Amino acid sequence: MSNETTNGAPLARYAAAKRVGDFLFLSGVIAVDPARRMIVRGFDDIPDEAAERLGRTGEFSSDIKQGPILAQSWYVLDAIRQIIEREGGQMSDVFKLVQYFRNLDHFPAYSQVRRQFFPGEPPVSTVVEVSAMLPTDDILIEVEATAYLPLGGTKES
Amino acid sequence: MSNETTNGAPLARYAAAKRVGDFLFLSGVIAVDPARRMIVRGFDDIPDEAAERLGRTGEFSSDIKQGPILAQSWYVLDAIRQIIEREGGQMSDVFKLVQYFRNLDHFPAYSQVRRQFFPGEPPVSTVVEVSAMLPTDDILIEVEATAYLPLGGTKES
Amino acid sequence: MSNETTNGAPLARYAAAKRVGDFLFLSGVIAVDPARRMIVRGFDDIPDEAAERLGRTGEFSSDIKQGPILAQSWYVLDAIRQIIEREGGQMSDVFKLVQYFRNLDHFPAYSQVRRQFFPGEPPVSTVVEVSAMLPTDDILIEVEATAYLPLGGTKES
Amino acid sequence: MSNETTNGAPLARYAAAKRVGDFLFLSGVIAVDPARRMIVRGFDDIPDEAAERLGRTGEFSSDIKQGPILAQSWYVLDAIRQIIEREGGQMSDVFKLVQYFRNLDHFPAYSQVRRQFFPGEPPVSTVVEVSAMLPTDDILIEVEATAYLPLGGTKES
Amino acid sequence: MSNETTNGAPLARYAAAKRVGDFLFLSGVIAVDPARRMIVRGFDDIPDEAAERLGRTGEFSSDIKQGPILAQSWYVLDAIRQIIEREGGQMSDVFKLVQYFRNLDHFPAYSQVRRQFFPGEPPVSTVVEVSAMLPTDDILIEVEATAYLPLGGTKES
Amino acid sequence: MSNETTNGAPLARYAAAKRVGDFLFLSGVIAVDPARRMIVRGFDDIPDEAAERLGRTGEFSSDIKQGPILAQSWYVLDAIRQIIEREGGQMSDVFKLVQYFRNLDHFPAYSQVRRQFFPGEPPVSTVVEVSAMLPTDDILIEVEATAYLPLGGTKES
């Protein structure tokens, strides 16, 4: 979910995605479940099979440290996948990712999850560490994706 | 005005906007008045009717808190509007905004102003808090806009 | 080198650049020599003629202050130039740069180097100061470039 | 190697291990290669097959962040294994570990390595984060192991 | 609960206690309820009669200051007692405690609770202040106990 | 003296040492003179012949720097020696030391003193730097010793 919606009534108006010419531009996505209006905090907040694939160990001390970034990474990339598919494309149509982190020590964990979503040719990527993202400091990562879905159905990617 | 010009003679060379194919790309814009080479600091630095529309109360304590972010937000979005119109488009042609803040507590005020400039379908949007922007720490916000102005005049936005 | 890459072997999961439609999108580039896996730290890490053009003085105290940002700026922009040329374009095809700094006091030095790479019409530009970039705190700058290389060979840039 | 030896000539005298009754007590072990007198800093400082088993990704930015703790954890546990085997026992004879960390965010990575060395019944374990260990701040972890090797060859562990 | 454990399911890779020869070694114990996976934060998280014995006053300001360390101390020592009893011993068989604190200002409160669990001859004791323990900074104390339960049933403690 | 006694009347109850099976376990010892209830602060607080052997120079600037750690190290190790001898053993029966420092820069000085107390085969040793020890920040070091004094008088150390 884009991070500009809060408190039920959207605080800000935004478009999750916009088709422009042959491109699909997405708003930055963060790990907030819009239905429950909750920030994804760990493995308990994502489906079990996703948690298993991410390497949930069952060890409380390991999972409490790794869980938040792994779960948020999965949630954000899966949300992007859903948006792309809703627009008639697939994850492999995403050619560019700009990734904002609160702490770049989280990059290896995020990268592991990204490999699951991009098993083929990876997108171009920019990664920076920033001070914060909306809506609160519990958000560890924000990803802005751009996809190429040429009208007429052909692609030179 | 883009933040790379300082001290009269541009310290850096930049293009405020560039048309590329069907797109119009803009440099990040900050609230500095190039003519007077002054940072917009409050309601006094923008036209009265804009200040009224933003909700200037006339009360010192309220206006001094909200004034800077409201005035800078208005100034930046209005500068973007002027650039787009100069290129033959309109504000509604802007489909994407990347917004950099020094303090995300300012987001609600900025968002209120943005609604004034985008009364229709809003653009896709990415928002992050960063450490600083040029030219000084008085700059609270920088906005990088992208518009779609297809040659030949038609649009599928 | 993009900051997600490796030790030569193509085991990294990023694309340095991707051609999409008429555009060439590049990953953010940082000053790391992928072959030697070393961060560019000063004039000694770039070719002599480049160092001379950047104004290496030979005085230890001056060069140690300015050397890192000048050398990293040169390295990054030269890497971008090589990527563009490898894709059949030239530096003047770059129309947009997003530049991330760890310290905006470095901007003037970077800007001096950028003028060397863009002697003609400059690109649109966004500049922000962020907390950090990969892989370590020795990285002072990251630049994400976008170029326009229309298929069919014509250009309206 | 125990952390009390520095600069060639041992600064301190210590015993790497001592058999006492039915027990084998070990000094705290840190990741310093005594022969080369070098601190283990990453995957390059341990055997390739060990690095592969630890999950070296080949991605520079991931390996530079994860490499140090994974490599030091492997090195320390492998050193403990060698000491135990030299005394006629095996790793499964270790029944207790006291583990000192400089940063408990490293615990999940260490725990992953420990599982490789203790595939059967795990030892009792105490984990704390301390300010520092000898010889320098590059040391991320120190492990003090105790094993049970009853004379006479029987065991009630 | 030892600080490496989990959510009930025995997927954790540690042993709460191990009998070795005539000794019973315990992992460091912290105040986390494994069933509910919750950190003990105050009097509300322990049984009422225990809270009364610890001197709960009912006054918010007093209980909020002393409650956390008193409740965690009780929880940890009671967990140790349960482990010892499960192994066929009693609290007085514990002859050694190593106690790690995040803040030694908490020692007097902990000591008051320890007297309740060791009314007879006290164990040998080592006390230090460290930077942190798993799983989070809410943990104030960790206690590693060792007991003597000679096989054959005699004891010279 | 163990660090849990303060203010004359022991604040905490502890046992300085306990014989358990063939072992003698000691509480962590710190440099506080129980009779005078004073922290050992320098050469003046230990016997002259001990100070001479430690290398007291008579020069104020040298002795004020090295005096505290040398005097506390001597005091702690001598206290341990006295406890062991009281229990019928000798210093060489100590096979293990866990040494907690407030500042590892003090290790070389401590190690020099330790060599005086262990001229023969040294014990196994673990050394860490922690935040603090009881009773105050003037305590620089705490040492927890374990000795092997098999009943029946024979020893396989």
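When the chains are written out, they are named A, B, C, D, E and F in that same order, and each has its own residue count from 1.
Throughout what follows, contacts are C-beta pairs under 8 Å (C-beta built on N, C-alpha and C of every residue); 3 or more make two chains touch, one makes a residue touch a chain.
Here the structure is a predicted model, which is why all the values come from computation and not from measurement.
Asker: Would you mind checking the shortest number of contact hops between chain B and chain D?
Answerer: Graph distance in the chain contact network comes out at 2.
Asker: Relative to chain A, which chain has the most distant C-alpha mean position?
Answerer: Using the mean of the C-alpha atoms as each chain's centre, the farthest one from chain A is F.
Asker: If I compare contact pairs by residue number, which of B-C, C-D or D-F overlaps with A-E on over half of them?
Answerer: The same interface as A-E is formed by C-D.
Asker: How big is the rotation relating chain B to chain C when the fit is done on Cα atoms? Please round to the nearest 5 degrees.
Answerer: The rotation relating chain B to chain C comes to 120 degrees.
Asker: If you average the Cα atoms of chain C and of chain F to get two centres, how far apart are those centres in Å?
Answerer: The computed centroid separation for chain C versus chain F comes out at 58 Å.
Asker: Measuring from the mean C-alpha position of chain B to the mean C-alpha position of chain F, what distance in angstrom results?
Answerer: Chain B and chain F have C-alpha centres separated by 67 Å.
Asker: If you average the Cα atoms of chain A and of chain F to get two centres, how far apart are those centres in Å?
Answerer: 56
Asker: Could you tell me the distance, in whole angstrom, between the mean C-alpha positions of chain E and chain F?
Answerer: That pair's centroid distance is 27 Å.
Asker: Give the residues of chain A that touch two or more other chains, as numbers and ranges in rising order.
Answerer: Only 57, 59, 61, 63, 65, 98, 104, 107, 111, 127, 130-131 qualify.
Asker: What chain pairs are in touch here?
Answerer: Listed in label order, the chain pairs in contact are A-B, A-C, A-D, A-E, B-C, C-D, D-E, D-F, E-F.
Asker: Please name which positions on chain A make contact with chain C in the complex.
Answerer: 22-23, 95-96, 98, 104, 107, 111, 114-115, 118, 121-131, 148, 150, 156-157
Asker: Once bound in the complex, which stretches of chain A touch chain B?
Answerer: Those residues of chain A that touch chain B are 2-4, 11-21, 25-28, 98, 100, 130-134, 142, 144, 151.
Asker: Per the contact definition, I'd like the list of chain E residues that touch chain A in the complex.
Answerer: Of all residues in chain E, those touching chain A are 3-7, 9, 11-13, 32, 34, 37, 134-136.
Asker: Considering only the defined contacts, which chain A positions touch chain D in the complex?
Answerer: Residues 57, 59, 61-63, 65-66, 104-105, 107-108, 111-112, 127.
Asker: Looking at the complex, which residues from chain D come into contact with chain C?
Answerer: 57-61, 63-65
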